[in-house]
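Letters are used for the chains, namely A, B, C and D, taken in the order the chains are written, and counting of residues starts over at 1 for each.
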Amino acid sequence: MIYFNCDYMAGAHPEVLEALCDTNLIKSVGYGFDSFTSEARAVILKACGLEEGEVFFLQGGTQTNKTVIDRLLSRNDGVVCCESGHINVHEAGAIEADGHKVMALAGNNGKLDASALERYMEDFYRDETNEHMVRPAMVYISHPTEYGTLYIRNELEAIRDVCRKYSMPLYVDGARLAYGLAAEVTDVSLRDIAEIADVFYIGGTKCGALFGEAVVTRHAHLLPRFMSVMKLHGALLAKGRLLGVQFLALFKDDLYLRIGLHADRLAMKLKEGMRERGYRIFIDSPTNQQFFILPNSLIDKLSESVGFELWGPRGENESIVRFVTDWSTTEEDIISLLGLCSYPS
Amino acid sequence: MIYFNCDYMAGAHPEVLEALCDTNLIKSVGYGFDSFTSEARAVILKACGLEEGEVFFLQGGTQTNKTVIDRLLSRNDGVVCCESGHINVHEAGAIEADGHKVMALAGNNGKLDASALERYMEDFYRDETNEHMVRPAMVYISHPTEYGTLYIRNELEAIRDVCRKYSMPLYVDGARLAYGLAAEVTDVSLRDIAEIADVFYIGGTKCGALFGEAVVTRHAHLLPRFMSVMKLHGALLAKGRLLGVQFLALFKDDLYLRIGLHADRLAMKLKEGMRERGYRIFIDSPTNQQFFILPNSLIDKLSESVGFELWGPRGENESIVRFVTDWSTTEEDIISLLGLCSYPS
Amino acid sequence: MIYFNCDYMAGAHPEVLEALCDTNLIKSVGYGFDSFTSEARAVILKACGLEEGEVFFLQGGTQTNKTVIDRLLSRNDGVVCCESGHINVHEAGAIEADGHKVMALAGNNGKLDASALERYMEDFYRDETNEHMVRPAMVYISHPTEYGTLYIRNELEAIRDVCRKYSMPLYVDGARLAYGLAAEVTDVSLRDIAEIADVFYIGGTKCGALFGEAVVTRHAHLLPRFMSVMKLHGALLAKGRLLGVQFLALFKDDLYLRIGLHADRLAMKLKEGMRERGYRIFIDSPTNQQFFILPNSLIDKLSESVGFELWGPRGENESIVRFVTDWSTTEEDIISLLGLCSYPS
Amino acid sequence: MIYFNCDYMAGAHPEVLEALCDTNLIKSVGYGFDSFTSEARAVILKACGLEEGEVFFLQGGTQTNKTVIDRLLSRNDGVVCCESGHINVHEAGAIEADGHKVMALAGNNGKLDASALERYMEDFYRDETNEHMVRPAMVYISHPTEYGTLYIRNELEAIRDVCRKYSMPLYVDGARLAYGLAAEVTDVSLRDIAEIADVFYIGGTKCGALFGEAVVTRHAHLLPRFMSVMKLHGALLAKGRLLGVQFLALFKDDLYLRIGLHADRLAMKLKEGMRERGYRIFIDSPTNQQFFILPNSLIDKLSESVGFELWGPRGENESIVRFVTDWSTTEEDIISLLGLCSYPS
């Protein structure tokens, strides 16, 4: 079997695992007060081009979204996102469980549109009965999106401008940030994200770590008493240094970028190969998630030896599928997969 | 420096880490649907003497307590525990954050007393205005307790009997269960816990794992749709197999028990040595946490080369301190510590 | 000025107020344990044709929706409704504040469609990753809807059947129930509602009471320990008897129906008059809320001496307006309003 | 029967009811945007000696406490109060239901002690692990307390000073404020409360209104977007003017004070009579709640013709009872009660 189900099927990138092994017997205090974590904070701030700011380490994406959003929102405030936003669909109500409404706008291939956002905000503030309504008070976007697509810098700035106009923090979910930063076509760097987003996170779990996400903000005052809020959400790891150690490894010798480049390159190779073979691309993603519309007969055949996900319900004759690459995907995996996809007759 | 601050200062026990390394490149599906996790479930149920039941893996103690309690309680239900209970003091309001009152009773060296519990329940149900009050609807105890003390089997059964009488589930926090099971004086086995508790967890984080806790119940119906509730709490690990792999290692060749025996043996050696040197024992703990009343002069001297915790505020002449052992503590560590504790004049 | 802004602009119907005055000096125990409340419960159950069941009295619509939904749903469960549902738009996030997702489906003039609901449920249960999603676990509809429209009995039964198939309680918001029951065209009686809905409420605030809503269920087990949950929501009135007294008055000599008949008759007279004058009807409502598309010039003129609401944003040339009648509306009010609406040139 | 069970057994004081009747047919906009409410706000601010500030009207005590506390607290913040505080005991977990821990300190006849509060705060801020603990972030006291006792001005100022030192708002529950202001011995006026408390409420339900409480603050910024938070809690009355009308009546011709004076005078008469008859006073309350220790034989005899409450469990030979007076209590009621209390043999 070869696996393209998702980007969290293997353990950690060997360089990350090695760092964990090398430091295993060193004793340090808990909860992120150790020196590994301090060092990782400094390294990340530097990589983000931030002279000041805060970095917090959590364990997974839903946990990070839930904890950050709960800290940023007050009572009767909601978070605006795309209908396809992870927080709106696949987090089992984690945001609502903390009392916050997720306010979903129609998106564009997973992307929020600045002008749609502006119209939504205008409508809210024009409505004189808005005391009876949830106030849209922050914006959530993902980069890359759930469809593998990327914002361009101008689009991010336009969203940021609407956010500023309405005094809403902009939060960027970077669960797969490595694949966005490494995309050949992108004009958005880590420093851009750090400058445009009020709060964002650098995804580890899906980008080579065993687990872990790094929340970054240049406005420390936006996340007051955040460690205590993490604790309250069960998100404060006892052996906090495990996160520091892993992110130090990810940011050493550009490993984070290398992981992104590797996965994206193989994803492009797959897309190119499928296009050559005449298959339709469902969404033209420049990152490690690739979506195709395949005949059900091919899907059935592939299922015997390839792991991947059906994207939505099975159609009558053809269906949408998703293939995901990561650091553990090999050239051979791509060649094998393409080999199984004979040219349609 | 030698460290006795807590039992989560080093990484994982080498056998656990080895298991993670050995399986690192194997790909598996996420969220605990992998074969490592299935196997770990079976191994744990067997060790618990349970023919049926459920096992769920989470990442840390507060997260586990919060998620289990939130699942067990309904609106207007509260959880009864000791004043010193971890959920009442050191979880930053994690239980209340989900809407549940923590109802704390005076304890006895960290232990809940069955007759105090019974009186509390009688008072509640005798009060005709109890519609205006939170209903005590489950009981939380820890074994070992936050003071390192242990229940005897009779005490657990007595608490269980009160719980049954009032139809309340009994939940046992086993964050340090290894040290309880391995204590020389205990008459409580893992099977006893599994039989007496409605839900409990086998602590990994403080007992040799990198991180991870295994929730066990013989009544699957008590935790309906629990994976979804875990997800909602940000407690569902993407690479779920990391937890399965670690618990398989902990339950292979009795590693979990070995870890407990090692730490308890060194803790007893420390206690004996301190007693011989004439120091007062604050609580006579049979497990890996040891509490002494030491002169401030000695505390100051030790602080130069030993890590440990002050337990409560510093007194005028003497204070309470805690020393904790774990798998990474060595005989030499104990000998060095005792060497520093010269006989008081 | 004549007022058609809403159905809660005056105090109570004189017969209701008289009942409050008549009983003012009588002393009774609090929280609904008094004899007025008991009697009102019996009268309501009888009017609903229920031999057994429960009736609870709360103070307002949002409070009632919030408290009932919070009791019916468990963690990770959501409530399905129309996009225009009151709980989705105008309750300031009251449902989400208790941790529950509102899952809004496109509606049809304020009505939920049974087949759309069924498709939604099928999609949820077909999705193998639904552990990551909020479970749709109850259905909310309003009758009359927020647009004044009414379900026919067949439509309610079809929704009920989908609910049964998926074991979801059906909850009917009857904030304006009087106007639905009294509508000339309806085939839905109070007994029908009581038989089809699992839980519903009979609106008082908008139907002649000073304030108050009566929650009715034929399944007492669906709302366990409900008074305590009411208390927790701040929804348990100290002088509970005020609600009993008012509902006794509303159900004496068919007052509730008389109020509905009066308001509906005047609403029909208004609709007919406007139609005769050539104005377009926005939604053909058979109840006390009437929606018209009027030229802005007429709207401006009316605003000088008539109270009413703009429904949505003001258009370029014409806009949608809502006129509402109630027990305090008079024939003269309608004649005056129609008099102001000269035939458009 | 004569009734001393509580101060909410009758309807409204006749002057309040009359005001409701007089205004019943007047139409006004909803949700407190009407002119009655505006006028009541102005009258209350003036009575409080406040040139600026905000007044909000809610419906009941628990609802008011819940909504104010939820607005004042952020995540991971708790509210400090007495063990006997209403929010800690008799509100069914309403505060915790919103995610906030109630942190109860031992009290002194229902009163919080400033020095106990200061010690508690010092302990919290001295503990270096306080990130793992709920932060005490506001203080709740009641005046009169649940035991009928009153703070003197110095005590309130001392509590206020601790609150300021730790930047915590001080919130005063004035459910029975009329009886406190009218007490013969008090040195605390309404203006004092308004000056010392950051937020407080003037109780209506227990002091002559049908229902209703007026929240007052001189710091409008402490309760941002409060109407929306009220809506979210189901605490925004549709016919908001009912609250404005009642409070206008309560503050007209000193009615609020007259109600307090009447009830307190009769309560003192009762206390004096019982003392003369040799009965022990349980708590020496200067307000409308009186607590005595009576022989069970007398309690049984009284129960035949007098309504009152047992305070706590029935003792072997004697028990504590509570008698409450209000505007509807008459001289004759007191004389009858005392007549039944023959001198003990």
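In this text, a residue touches a chain if its C-beta (ideal position, glycine included) is under 8 Å from a C-beta of that chain, and two chains touch if they have at least 3 such contacts.
Since this is a predicted model, take the numbers as computed values, not measurements.
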Relative to chain A, largest Cα-centroid distance belongs to chain D
Tally the contacting C-beta pairs at the C-D interface and at the A-C interface, and name the larger one.
C-D
Distance between the centres, which are taken as Cα means, of chain C and chain A, whole angstrom
42
What is the distance in Å between the mean C-alpha positions of chain A and chain D?
50
Between chain C and chain D, tell me the centre distance in angstrom, where each centre is the average of that chain's C-alpha atoms.
34
Sequence positions of chain C contacting 2 or more other chains:
75-76, 91-93, 97-99, 131-133, 228-229, 231-232
For chain C, which residues count as touching chain A in their complex?
75-76, 78, 89-93, 96-102, 123, 126, 129, 131-134, 313
For the chain D and chain A complex, residues of the former touching the latter
31, 70-71, 74-76, 98-99, 130-133, 135, 224-225, 227-229, 231-232
Touching chain C in the complex, chain D uses residues 3, 5-6, 8-12, 14, 17, 20-21, 23-30, 59-67, 91-94, 97-98, 205-206, 210-211, 228-229, 231-239, 242, 307, 328
